[in-house]
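Note that the chains are named A, B, C and D in the order they appear, and that numbering of residues resets to 1 at the start of each chain.
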Amino acid sequence: MEHVTVSFSREDNIDAPILIEGLPGIGHVGKLVADHLIDELGGEKIAEIHSLHFPPQVVVDEQGVTHLVNNEIYRCEKDGKAILFLVGDFQSTSPEGHYILTESYLDLAEDLGVRRIYALGGYGVGHLVESPRVLCAVNMEHLKPEVEAAGGSFENAATGGVIVGASGLLLGLGEARGIEGVCLMGETSGYIVDPKSADSLLGVLSGMLGIEVDHTSLQQRAEDMEQAIAAIREAEEAKGREELSYIG
Amino acid sequence: MEHVTVSFSREDNIDAPILIEGLPGIGHVGKLVADHLIDELGGEKIAEIHSLHFPPQVVVDEQGVTHLVNNEIYRCEKDGKAILFLVGDFQSTSPEGHYILTESYLDLAEDLGVRRIYALGGYGVGHLVESPRVLCAVNMEHLKPEVEAAGGSFENAATGGVIVGASGLLLGLGEARGIEGVCLMGETSGYIVDPKSADSLLGVLSGMLGIEVDHTSLQQRAEDMEQAIAAIREAEEAKGREELSYIG
Amino acid sequence: MEHVTVSFSREDNIDAPILIEGLPGIGHVGKLVADHLIDELGGEKIAEIHSLHFPPQVVVDEQGVTHLVNNEIYRCEKDGKAILFLVGDFQSTSPEGHYILTESYLDLAEDLGVRRIYALGGYGVGHLVESPRVLCAVNMEHLKPEVEAAGGSFENAATGGVIVGASGLLLGLGEARGIEGVCLMGETSGYIVDPKSADSLLGVLSGMLGIEVDHTSLQQRAEDMEQAIAAIREAEEAKGREELSYIG
Amino acid sequence: MEHVTVSFSREDNIDAPILIEGLPGIGHVGKLVADHLIDELGGEKIAEIHSLHFPPQVVVDEQGVTHLVNNEIYRCEKDGKAILFLVGDFQSTSPEGHYILTESYLDLAEDLGVRRIYALGGYGVGHLVESPRVLCAVNMEHLKPEVEAAGGSFENAATGGVIVGASGLLLGLGEARGIEGVCLMGETSGYIVDPKSADSLLGVLSGMLGIEVDHTSLQQRAEDMEQAIAAIREAEEAKGREELSYIG
């Protein structure tokens, strides 16, 4: 079995200079922004990525149909600009797997003409944040002015730090291939799914992309997500009570 | 050393359209059903599967003879229908190994003409169940009516969830090969070996297979197993008392 | 780097029909017996085995000279009978590595004409044993009478069980190559280095080998080992007191 | 992806007979000495080593620029003597990776003409040490007189012990290639970054290298490091107070 398999559902006219990564992370900030953009820009799924470095499981959807865990590539077009998205719910189960998966992501990106990658994520600070900043890192110094002009901050750099997993390695391994990398991290408590942080991040990102995106549905989407979580909790509690009365 | 080795003890006339997987899992539900069917249908062992992804050990049988840990393929025939079984006591020791082993199971299945896989298991609910349902998942949506007609339920789908290990991957990786996959999970507490749940599961499975199977010995087998466990416990306690008196 | 490297210091006239494995295990029983036999029979080291599946470290000897961790092959000759020994202090650091290492041991054994392997170990019972039995397992049923004639017992078989690591896999993987395997396990508490158990084991083993071996030095060796351990403990305690007074 | 990648930024006139390893370890003793020597001797970075056996992350520098984790090779020249340094912040994430990385280090060393390796580290004793000794191990016995003449001690050898990771394997795997290996370990408590221990170690090492090195800046560097750590702690406490008042 191959370490990583990429299955394209479309082969033509995929080329795009930009890849946006929004895999899961702190506060689901990156994922919220990427999913929002795909919705707003009418993204089309063009590839699925499977790997033996993902968890060995299938996900059962609401119809009872199983899906092998995978990450996905979407393609959007806006004002003549083509953008790819790397989204999904999975990271590697081992340290080595992170390297192997990220090299595959970069192989794919290079093949499709990507020259810049935006890695989106959250920056956990451990407390609620009134006006979340967008803290940043770049893999080439010449990218800094552009990031700052769009409202990104490098204030975090003073204390150094590391970026772990796919986001970090896309910048680190991308640099060796000459692919520009910008990591945008919305300041967030780290305790909850954080639409406010995602909203800030979207502002900086759309500025850098030079496209206008409606923010309304992101706020709405985040609220929906919070309500869905609340509903699941309530259902579990109700089930607990039911079982209690059943046993009783 | 190969990652996985399959040794056939019979080479001819093995072909069968159906594979039933009953590896160990919650409440031993899947294993109980598969072992029962092999007994009832007079199954013949046709292959042993060894792998460096299994635990590094041998099992000592009641004669003092060692057996390298392995899973096994049995073949049964009933009313002109040939059925294969994947049974044994082992799953992979690593996440990557689950993928590698399952691909081997599927290679073998494809070679033998398998077009549908039934993955059997338990569905732990954490409390005793009076009338255990058989909760289900499929890897292709068109399989649902058939499952429901046989008494399987998709009520679990509402809350999503994942299926981990060989059962899940047989459906997930099988789909990519065009092999139909049905996962049948007997509702069970998860605390005990659960023949009642296995009995429910056998009902749905035999309905889907279109064969009639006597249930008596399954119930008996489960009771034997419970008595054996009780006997072992008693022996251990007796031994404990003996040692106490020996030391004293 | 190769997974396993075998470096021979002697190439000629190595062939031997018997391999005795005495790697570390419960109560150091197997290791005590193997080391004793090598001493008594005047064994010669003929090969070192290195592997990236061993712990990544060197051992510093009493001269301050480092030695890469390794297992070793010795060769003895007694009454015209040639015997190989697999000894050392290391097992694999991963489950897969156990399989890979054992296949290497068996490759080596086959190359040198080995037709039977004795895997030596302890059988932990959790309490002191007055007259330790030698509990046994074989990888081919026809070996049982010979083992029983030499005083080995199969009473443990009644409760089944597993044999983990190199000892188990030498029997399990050896069977597939047609190499006879006998596992001899001296009953032992599991808490201490156990020369009494080793003494029993040596009795059965020398009976099966058809050679006479002096037992005196084994008893002495075990006592030396216990005194050495006691000396180390005393030194540590003295050092503890010294540091205490230093700090005070 | 390759397991290990070495990227040279300079190809000519690199040859050197000596390699000094100062990767992270107890009390940062080895790292302090290696970094000091590179500073004092005006070292030039000639290669970067990347590996999927390093942690999967990038480090963000004070400019907000990311750097893929790596170890580095520096080259210095003093009194016509060329010396290489292996430094950096990373060891392998797995046991097997230690072997694979060290073989790469040795491949590189052999290519550049290295005939002796000094592995630097700390020797944790669990208590503050007034006059830290430099405890030693060698991979060939003929090296001992030279080590002792420079003030190194083999008093630790009496109690044996192991050397884990890159330092140990450079000696162990180096021996098989005929490369001399000396491990110098500064006695240290193990609780703090320990410049006093590094100072002792530098004395022995410069004696063996036959070069004179100013010690002042090592002491200063260590003090700076301690002050930097204190400053970070103070900043964190201040931030804690700030957040407290913010929440309040």
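Keep in mind that, in the parts below, a residue touches a chain if its C-beta (ideal position, glycine included) is under 8 Å from a C-beta of that chain, and two chains touch if they have at least 3 such contacts.
It should be emphasised that the depicted structure is a prediction, and the values quoted were computed from it without experimental measurement.
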Turning angle required so that subunit A lies on subunit B, C-alpha fit (0 to 180°, nearest 5): 90
Type of subunit B:subunit C copy interface by residue overlap (half), same or different: different
Distance between chain centroids, defined by C-alpha means - subunit B, subunit C (Å): 37
Distance from the mean Cα position of subunit C to that of subunit A, given in whole angstrom: 53
Set of subunit C residues in contact with two or more other chains: none
Every chain pair meeting the contact rule: A-B, A-D, B-C, C-D
Contacting residues of subunit A [partner subunit B, same complex]: 1, 52-53, 55-69, 93-94, 97, 232, 235, 243, 247
Parts of subunit B lying in touch with subunit A, wherever the complex brings them together: 92, 95-96, 98-100, 102-103, 127-128, 136-141, 144, 154, 156-165, 168-169, 171-173, 175-176, 181, 183
